[in-house]
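Next come two complexes built around subunit A: one with subunit B, the other with subunit C.
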Partner chain A sequence: MLLTIAAAAMALAGANPLDGFAALLRGALGGTHQIGETLVATTSLLFPSLAVAFAFRAGLFNIGAEGQLVIGGLCAGLVGAALTVPGWIAIPLILFAGAFGGGAWGGIAGALRARFGGNEVIATLMLNIIAALLANYLVVGPLHAAGATGAETAGLPESSWLPILLPDTRLSIALLFGLALAGLLAFVFRRTVFGYALRAAGDAPEAAKRAGIDLPRTALLAMTLSGAIAGFGGATIVAGVLHRFNVALSPGYGFIAIAVALVGDLDPLWIVLAAFAFGILQSGSLTMQAFAHVPKDVVTFVEGLAILALATRRFVAPRGAAA
Partner chain B sequence: MDELRGFLALTLIKATPLIFAALAGVVCERAGILNIALEGGLTAAAFTAVAVSFGTGSPLLGLAAGVLAGMALCALLGVAATRFHVDQIVAGTGLNLLAAGGTAFGLVVVFGQPGASPEVRALGTPGECVLIVAAFACAFLLQAVLDRTPWGLRLRACGENPQAVRSAGVDPRGMRVAATVVGGALAGLGGVFLSLGELDIYSDGMTAGRGFIALAAVIFGRWTPLGAAAAALAFGALSALQFVLQRAGVPSELMQALPYLAALAALTGIAGRARAPAADGVPMEG
Partner chain C sequence: MPPALELRDVGKVYSGGVRAVDGVDLTLEAGEIHALCGENGAGKSTLAQIAAGKLAPSTGTVTGAERVGLVHQHFELVDRLRVWENVVLGREPRRGLRIDAAAARERVRALGTAYGLDVDPDAVVETLPVGIAQRVEILRELAREPRVLVLDEPTAVLAPVEIDALFATLRTLAASGTAILVITHKLQEVVTHATRVTVMRAGRVVLRAAVHDTSIDAIAHAMVGGDIPALAARATTVPAPAFEARGIAAGEGAHALRDASFAVRGGEIVGIAGVEGNGQSALTDAIAGILPYAGTMTLGGAALDGRDAAARIAAGIRTIPQDRQSEALVLDWSITDNAALGDHTRAPMRRGLAFDRGAARALATEIVARFDVRTPSIRTHVGALSGGNQQKVVVGRALAHDPALVIAYQPTRGIDVGAAALVQSRLIEARNAGAAVLLVSFELDEVLALSDRVLVLFRGAIAGTFERGAFDRARIGALMAGAS
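Then we have the complex of A and B:
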């Protein structure tokens, strides 16, 4: 159904839908360079998607992955540009800075929830915009790189760049970190007491409370860790792709991540596949725009539809089965 | 003196879309729907109004179409949340993406150019003034409707205890959808004001987070129409002040961030014993 709507939208733009899809796939998978870019997009989506799913599992809506990604990237960019030590020391510090920044940003929402019962949806929405404004202020103002034309900080020394995974592409080893994290989260959810407590807090908060799970503390922890995952993702974009912080770091990865997390059914391993599928959309859309003359924004539109359609299916299906 | 008049006029212009959107937020939240798709509603309405004015040459038809677009988008949230048991936040996020992608795409389809539309026939100064007055009138009207009519009572009950409403023989799901339709119309007026009132074009991202500022205004206004409108007016004044203070060297980002920082502060309860409706954002069973 989504394909049909996408095809209709392409036809509306005066393009042949088949050409459109062909251009999309060619742009995403048509060569080493294209596959590299698709996997870069996959990696960039994977971290915030895992972040969203992590909070979701604990019954919390982290609509703020976008802001956490930006703050993580900002911290990583600042630390990275300041460090002149060898890469094997600098890279872990840069990634940690990103996770720390994102974690702190998510932690604000978690603390408001834990301490005051403040709605984390509102908090993360507000924090997204504050993050964007803060980054913009710092990068255009006091931290603007001398001589840079764009809104960006000074670059990272080449020794601090993440090693490239696929030669002649921009794909770095960040993808491996993402895959490892997905595996780790799957293990945590399924096999550890902490993962059980998180899921219990999300699925049955009343029962979890009676079982002695400290709900406010779980909320704070879940939001902080969720933010740290997104912030780590921001750091991998800085250290692996851009090699500096730029305010245009994310074309809405944090929001698309909600679609990815839902498509992946909140399961870390399925989310990897979902992120790949959305990575194809993301990286193919530019080629589609250039060669089939279909505006790339069709992809955003389809992603919005995907969220609605999948959320509908997810919540309706069990009811239909019961009836 | 002229400076002051200019500031007050700018405050009214900046506040009007926020008031409309904040009132939309109040109606929805009092009925139990946390409407984060207000941003999408503003976007859809602002775009549709310009597109229809472009096609027909009539800004009034544009206004009507814009309001309808806002209603349609928000009604989708209401229907998804009540009939299909989609989580409100998830649906709202989806609708925001839908509106952002759809309008960016629509710009290319309708006007043949990305980024911004050409200038179209707008409502002009008289229309702008009418909408400003209408925003304030709607605040008083909505306050009266919520406080003093049976419909308002039922709507508020849906936000506090939908089961009780059901026991009283009223379908709370229908009430919630109705609330999103009314809210969508209000958000639609706000969006139309942005594109055809204040300006005469639509450009990508022109709503600039106003739907989220409106949610902040709802909290500050303690979920009452007059309170939310007052908060929106204050945020409008902040926005107007930004142009004055920027000349004095205050970073504009700080001024822009103030409403959002204020909303975070409000979540800690320093604004008083503000309390959201008990069933705000809570899905209904069955």
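Then we have the complex of A and C:
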């Protein structure tokens, strides 16, 4: 269905859809370098997607993964540039700093919700803007790396870079962390009391409240952990790909993540597959633009349609079915 | 004279293949009060919608639907508008571009006087008690000068005295030539007030009779399709102190609990009699620990004040909430996962950090067997079960762990007679086994049938206490309506 619409969109853009798809796949999977870039995009999408799904399972719509990713990356970049200790000490600290920063950023929205009943959608949306402007200010102003041309902080020492997983690519072991996290979350949801209570709060808050589940506390915890997951993802981009914090850290991973989480049906294991599919779109779209003359906006367009279709199914269809 | 409304061979199949109504003939004559009875799911409400032209039948013909007024079970009024605004909504008398408010007020007053439905035309609907709001709903329909008035469960929210007043109004209407169709499951009302009765079961008409030719037993038998199962016997118990509440006040507004002091001892059922909206929800939510309150509560001598819902569950308080679908169950979950809800933080469901689904399965299996839950499997989503079977899961879960105090809020609301009898019997058995049971019900018959002691709740305070053996139905009914 989406493929058909994508083909139609390419045709409208004046290109042969078959050429378009071929170029997309060639750009994403046509060689070691391309596969590496696709998996880098997959990894970058995977963390915020898991973050969105985690909050969603608890009944919270965290559209602030983008801001949490940026703040996590910023904290990781600052800590990373300041540390001169060996990598095996520095890397965990950098990743922790990212998770801590993202967790605090998500926790603000969680606390507003828990304490005042504030809507987390609006809070996280606002926090996205604050995060982007704050990061921008800091890297252009007080934290600007001496001599750097871009809006970025000082670089991480090479010993603090995440080890490369696939030689001759930018793919780091962050992918393994992401896969492990997906497995861990699947286990938490299915097999732990904490996951059970989280799902109850999300699926039937009134029933959960009467079953002794503290909804405000759950909201605070879920938003904090969701933010920590996204912030950890930001730290992996800093330590694994950019090796410094740059304001262009994310081309909207935190927003695409909402689509990835919904395509993956909020199930961590399916989200891994969905993140890979979106990774192909991300990394193949430039090749498609260059060789098949399909604007890469077609990819954005198709992603938007996917969000619309899935959101409709999830939020509108149940009411229609009940009528 | 032709009948006021005629339904011929009417059938309705919903998408999904559910046959709600199947080949029904129904004729309403001018001037009659016709009762339509049946269990939940028998097709009564669907038939009412078809009769009023709000729903198209799949098969058959309806003659006269354009002159039918429908009074809904859940009123369809605009709460923030005034009475006269609601009555004329959609057909406002005009003067130029403006609504002629004076004419509308006068119309409401005239209708009210004619049918004994006095309401202040300028009152805002949301400030009115339920019984008065219902008058507004009836006035709105009468303003359209219907030949037929259909009322869907009109007495469910009324106190006995208000019920008598409603039927007096309906008799006046009938005498003036309107045909009345009253949907109800309270059979006493049928034989007292109706002229004819039609009974439906599983979408079909199973009994059609003049009221003076039939009896409550015959109607009940037709509704259920057999004998009504007997309730469990009440064992002689030696009540022991269990739960005590002193000076409880909770909630705000018209439905608040203002002052309640009472005890529920182990081995007895205490019934709260009262019309909905007199503080029942505030009372049960306060005991469950999800609504702040003033006053003191103890269970087994230990203070409950300041303890949250989880601590109260741990202390042995279990609830059967009023809305099973939103307050008790997670509809997307299996029976297994629902069985554990509330006890998921304790052994055997909790093992370290892990949720032991095996223990939950064992519990679910036990509930399904003991409560006769009709389901293909314990893996079935509870949302796919019928209302009665959902309620059995809720009650089964509440009674599974030998609770010290059970709060049962309308435990048989909207379920069929067989399931209701089973739920009531299990509550009696829990009492026999020593549990303290607090029963809240808007059905006075249910309260009287199950309780060892009855408390009448009116406007947030206890208006009277009656011990079993000294139940005075008329006096309780009067106190429910506010007599002093």
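Convention: the second predicted complex is superposed on the first by the 311 of 323 C-alpha atoms of A that agree within 3 Å, B and C clash if a C-alpha of one lies under 4 Å from a C-alpha of the other, contacts with A are read in each partner's own complex, and residues count from 1 in each chain.
In this section, a residue touches a chain if its C-beta (ideal position, glycine included) is under 8 Å from a C-beta of that chain, and two chains touch if they have at least 3 such contacts.
As the structure is a prediction and not an experimental result, all values here were calculated from the model.
K.L.:
Could you tell me if A:Ala277 is touching subunit B, subunit C, both of them or neither one (first, second, both, neither)?
P.N.:
Neither: A:Ala277 stays clear of subunit B and subunit C.
K.L.:
In this superposition, which partner touches a larger number of subunit A residues, subunit B or subunit C?
P.N.:
B
K.L.:
Quick check on the superposed pair: does A:Leu25 touch subunit B, subunit C, both, or neither? Answer first, second, both or neither.
P.N.:
Neither: A:Leu25 stays clear of subunit B and subunit C.
K.L.:
Name the contact category of A:Ala259: first (subunit B only), second (subunit C only), both, or neither.
P.N.:
After superposing on A, A:Ala259 lies in contact with subunit B but is clear of subunit C.
K.L.:
Does the superposition put A:Ala197 against subunit B (first), subunit C (second), both, or neither?
P.N.:
Second partner only, subunit C.
K.L.:
Which subunit A residues qualify as touching subunit C in the complex?
P.N.:
Those in contact with subunit C are residues 191-197, 199-200, 203-204, 206-214.
K.L.:
Subunit A touches which residues of subunit C in the complex?
P.N.:
Contact set of subunit C toward subunit A: 288-290, 308-314, 319, 321, 323, 326-333, 337, 340-342, 344-345, 349-350, 353-355, 357.
K.L.:
What part of subunit A is in contact with subunit B in the complex they form?
P.N.:
That would be residues 9, 12-13, 61, 63, 108, 112, 115-116, 118-119, 121-123, 125-127, 129-130, 133-134, 136-137, 141, 252, 255-256, 258-259, 262, 295, 297-308, 311-312, 315-316, 319 of subunit A.
K.L.:
What residues on subunit B touch subunit A, complex-wise?
P.N.:
Residues of subunit B touching subunit A: 34, 36, 76, 80, 84-87, 89-91, 93-102, 104-105, 107-109, 114, 209, 212, 215-216, 219, 251, 253-254, 256-257, 260-261, 263-264, 267-269, 276, 281.
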